[in-house]
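Alright, structures below, take your time with them.
Here come two complexes built around subunit A, the first alongside subunit B, the second alongside subunit C.
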Partner chain A sequence: MLINSVILVLREVLEAAIVVSVLLAVSRNLRLSTRWLLASLPVTAIFILLFSSNLDAITDAFDGAGQEVVSAGLQIAVFAGIVGVVFITELQRSGHVGSLRPLPLLMAITVICAMIREGSEILIYITAFAASGENGAAVFAGSAIGGGIGISLGVLMFAALRAVSAELSARLCVFLMALIGAGMVMQSTMLLEQVDWLQPGRELWDSSALISEQSISGQLLYAVFGYEASPGLVQVLLYAISVVLVALAWVLPHHFAGVRDAH
Partner chain B sequence: MNSIRTYLVIMLMAAFSLVSFLAALNGYLSSMAEAEKMLDTQLAEASDLLMLSWSGEAAEPSPNSSSDILVFQVWRDGDLLSASPGAPVAPIGDFSEGYRYGNFSGYRWLSYTRLAGDGTAYMVAERADLRHTVAEKVVLESVVPLLLWLPVSAVLVWLLVGWGLRPLHELSRQINTRRSDDLAPVTLDNPPVELLRLIDSTNSLLARLSAAFEREKHFAAHAAHELRTPLSVLKVHLHNLAEELPADEPALIHANAGVERMHHLVEQVLDLSRTNPELIVANFQDVDLHSLAQRITAEAWPQFAEKNLGLSLEGDEAILRGDPALLETLLGNLLDNARKYTPAGGEVRVVVERRPNAVRLLVEDSGPGIPTGARERVFERFYRSVSEEGNGVVGAGLGLAIVRHIVEVHKARIELGESDLGGLAVRIDLPLADNRG
Partner chain C sequence: MKGKQYALLGLFLVSTLAAAKTPVVELEIRNHLFHPEEVRIPANTKVKLIVYNRDATPEEFESYELNREKVIMGGRKANIFIGPLKPGVYPFFGEFNPKTAQGRVVAE
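This part shows the complex of A and B:
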């Protein structure tokens, strides 16, 4: 039970921790205040409580597909937030002064969306075991270990992003945001497939022999990059489109700046 | 992170937690594997025990088996010879020797079958969920304390990092608390190697600054001093020329004015170079500002009378700690300014007033005053207003700069305002207590 708790909580926490640490590093690179993160924490806590206390109503919505649809919506919102952050950051870096004003709010919304789903899942998991009274110690210990590993990895990732040069840090942040964002889209497509809102298309490959989705590494890769051992055509296409969108948000501001300077 | 301590504590705790948790996880998995092995062995030994202890008597199994922890069966040639009260009627294991997972009585069980030489199968089964729970409980006994002690280790790390950063705090304290004119080297007892270079660099910078200040001070003093002699010679030659030329000769008038201005400038530069704070404060003594003002005003009276200006002194004895020569320069400069800018027939008043914590020196005149916007700028070195230059007033723009410098040396406060006489009022509050020692 302990190992199951570790994997479940780590999977959820790691995903949110990476989003938070990358956005925090972006914020520090741009010399922005990090108060947006402090402000977003109580808001997230309120939303987590609301989400978990209304889980039955959410689940029953959309003909029983409510939980999957809401989760997928939150993941797509995180992806949209990431695209926005990349675009605004690069706009500023390309010399468009004053473009950073909406960034703290956008980062706060992105982090809140990333943490609501993960936080509510953890809360439901822990409270369910606490109510049953069985395996309590194992669940709590496992959750603490999983959460601790996830948060520690996030903190150390932030330190690593701050330790390298500003230029390299900016590039790494964009790279990580592209992977996490595309991973979010991948996860949302899987959720929408589960409730038949999306057809996966024909299976393109099967890498379960290499990394099984049920293995620890498979579950962690799913959390971070939306790993799917046997993805369908639609999933791969959406993943590729997501990466391209982040890349465009990275490149276009510099292109506009070049055109503006030429005039 | 703006605090090194907070940054270090967070990073150290993150690294420590990650390694500890991964180690705990690794320990948990290894311990669980060991426990599984041990429980498997126990199950096999239980079947051996069953084989040795079974008497051969048949016993009816219970059709309504309960969820016991351990059950057994004895089979021979497809017949169930004996079973524990909780065992089902169907075989709980394979008829070949070894372990097997199976489901019955609403639970998952692990069974072990021991085959005797006569073909009798001795089957013992144990509830799989309970054996995991028992093993996990044992392992958790070692993992949970690690989690519970983590906050304690965080507090320890916080304290230790703070202790480790003490030399940095001490260095920062030394630099922050020293006086602005204290350029002595920074010293730390047994400094850590990481700070040695910083201390060396800081001390080297302080030494260079000190040398630069010394050079500046000596240069001004030497230059002004060396200029005095040729100026005196020039004055003598001009005096001789005046004997031979008519008194209204324009070239002579301009030459005299130029030399006078140069003389004034040299004297003021010397005054400035003499006002070195650390030397002066050490030589502070009790000064009666009123009697000093009496002497200065008496000395200045002829020049005031020449311009038909009224000069008065008010107040009583007021003792303070200060440098008499500098206070004399201060009052002399203020009177000189008042005399220069007050039109003929005007009035200049000096007041020395004893207040609870200070002695107030007030010099006011009936001159044109200084516009509010220009009051801060008149303290700048070599600042001269447009009207000053236009009126042909002799001066280098150093008088009030010297006054402010002397005020700062005495930790006093100066304020320019409007006088009741209609002109400028200079108020200086010289503290009593602060100047002591």
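This part shows the complex of A and C:
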């Protein structure tokens, strides 16, 4: 039970921790206050409580598709938030003074959306199994260890992003945000296929022999960019489109600046 | 009726027919075990799994091979569409009790 709890909580925490650490690095790179993160924590806690305590009703909504639809909505919101963050950041870097104002709120919303689902799953797991006498201590200890490792990896990533030069850090952050955002979109397509809202395309390849999704490297790759060993056509297409959208949000502000300077 | 409306009607009929033909397979979670452990389904066909959680505790149906994950609260059921799958064996497990709650879908 101990190891199960470590793995389960680590998987959930890692994904959210990576989103938080990258956005935190973006924030620090722009010399913004990181109060948005502190402010978003209690709001996240409220949403986690609401989501997990109403999961029955959420699951039954939309003719039994509610859990997937809400989760997919949250993941797409994270992606939209990431596109917005990249666009606003690059707008500022290309010389638009004062364009950063909406950024803290946008980052807070993105982080809240990234944490609700994972947090609810952890809460549902702990409240159900920690109460069961014999395993209670193992569930608590395992969850604490898993959460600790996940947060540590997030801190490590933040430190790494801050340790390199400002220019490299900015590029790495955009690169990571593109992967994270596209991974979110890909996961949301799988959820929508799960409830038959989206038709699965044919499987394009199967790389499970190369990197299994169960392996540590597979889990890490999944957390960072939504690695799937056997993705379908629709998933790969949407993944590619998502990466292109983030790239456009990165390039367009500079293009506009170039056009403006030429006049 | 205009062409677009015909197309919509056609789409509706096709989707209704497709929905009507989707085979349904039911399984249960009892004492953190899947019953049956092995689910046989036709290959290359979309199938609707209905998973009943008879335990009081929640479970998360999870499968890397099927790309599926869904939390099922205690005493509730969940619909999960899978496939069309190539012939093969696709393991699934209960993420909250992965040691005991294990099963597989066999597409043939």
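Criterion: the second predicted complex is superposed on the first by the 253 of 263 C-alpha atoms of A that agree within 3 Å, B and C clash if a C-alpha of one lies under 4 Å from a C-alpha of the other, contacts with A are read in each partner's own complex, and residues count from 1 in each chain.
In this section, a residue touches a chain if its C-beta (ideal position, glycine included) is under 8 Å from a C-beta of that chain, and two chains touch if they have at least 3 such contacts.
Keep in mind that this is a model prediction, so the values were computed, not measured.
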| item | value |
| --- | --- |
| Simultaneous placement of subunit C and subunit B on subunit A, clash or fit | fit |
| Residue contacts with subunit A in the superposition, subunit B compared against subunit C | C |
| Which of subunit B and subunit C A:I145 touches, first, second, both or neither | first |
| First, second, both or neither for A:Q67, with subunit B first and subunit C second | second |
| A:A45 touches, of subunit B and subunit C: first, second, both or neither? | neither |
| Partner chain(s) touched by A:V6 [first = subunit B, second = subunit C, both, neither] | first |
| Touching partner for A:V155 - first (subunit B), second (subunit C), both, neither | first |
| First, second, both or neither for A:E213, with subunit B first and subunit C second | second |
| Touched partner set for A:A137, first subunit B, second subunit C, both or neither | first |
| Touching partner for A:L172 - first (subunit B), second (subunit C), both, neither | neither |
| Closest approach of subunit C to subunit B (Cα atoms, Å) | 8 |
| Set intersection of subunit A contacts, subunit C complex versus subunit B complex | none |
| Interface residues, subunit C side, partner subunit A - complex | 19, 22, 46, 48, 57-58, 60, 64-65, 67-74, 76, 78-81, 83-84, 86, 95-99 |
| Of all residues in subunit B, those that touch subunit A in their complex | 10-11, 14-15, 17-18, 21-22, 24-25, 28-29, 132-133, 136-137, 139-140, 143-144, 147, 150 |
| Parts of subunit A lying in touch with subunit C, wherever the complex brings them together | 4, 8, 55-56, 59, 64-65, 67-68, 121, 124-125, 128-129, 132, 190, 193-196, 200, 203, 208, 212-214, 228-230 |
| Subunit B-touching residues of subunit A, taken from the complex the two chains share | 1-3, 6, 135, 137-138, 141, 144-145, 148-149, 151-153, 155-156, 159 |
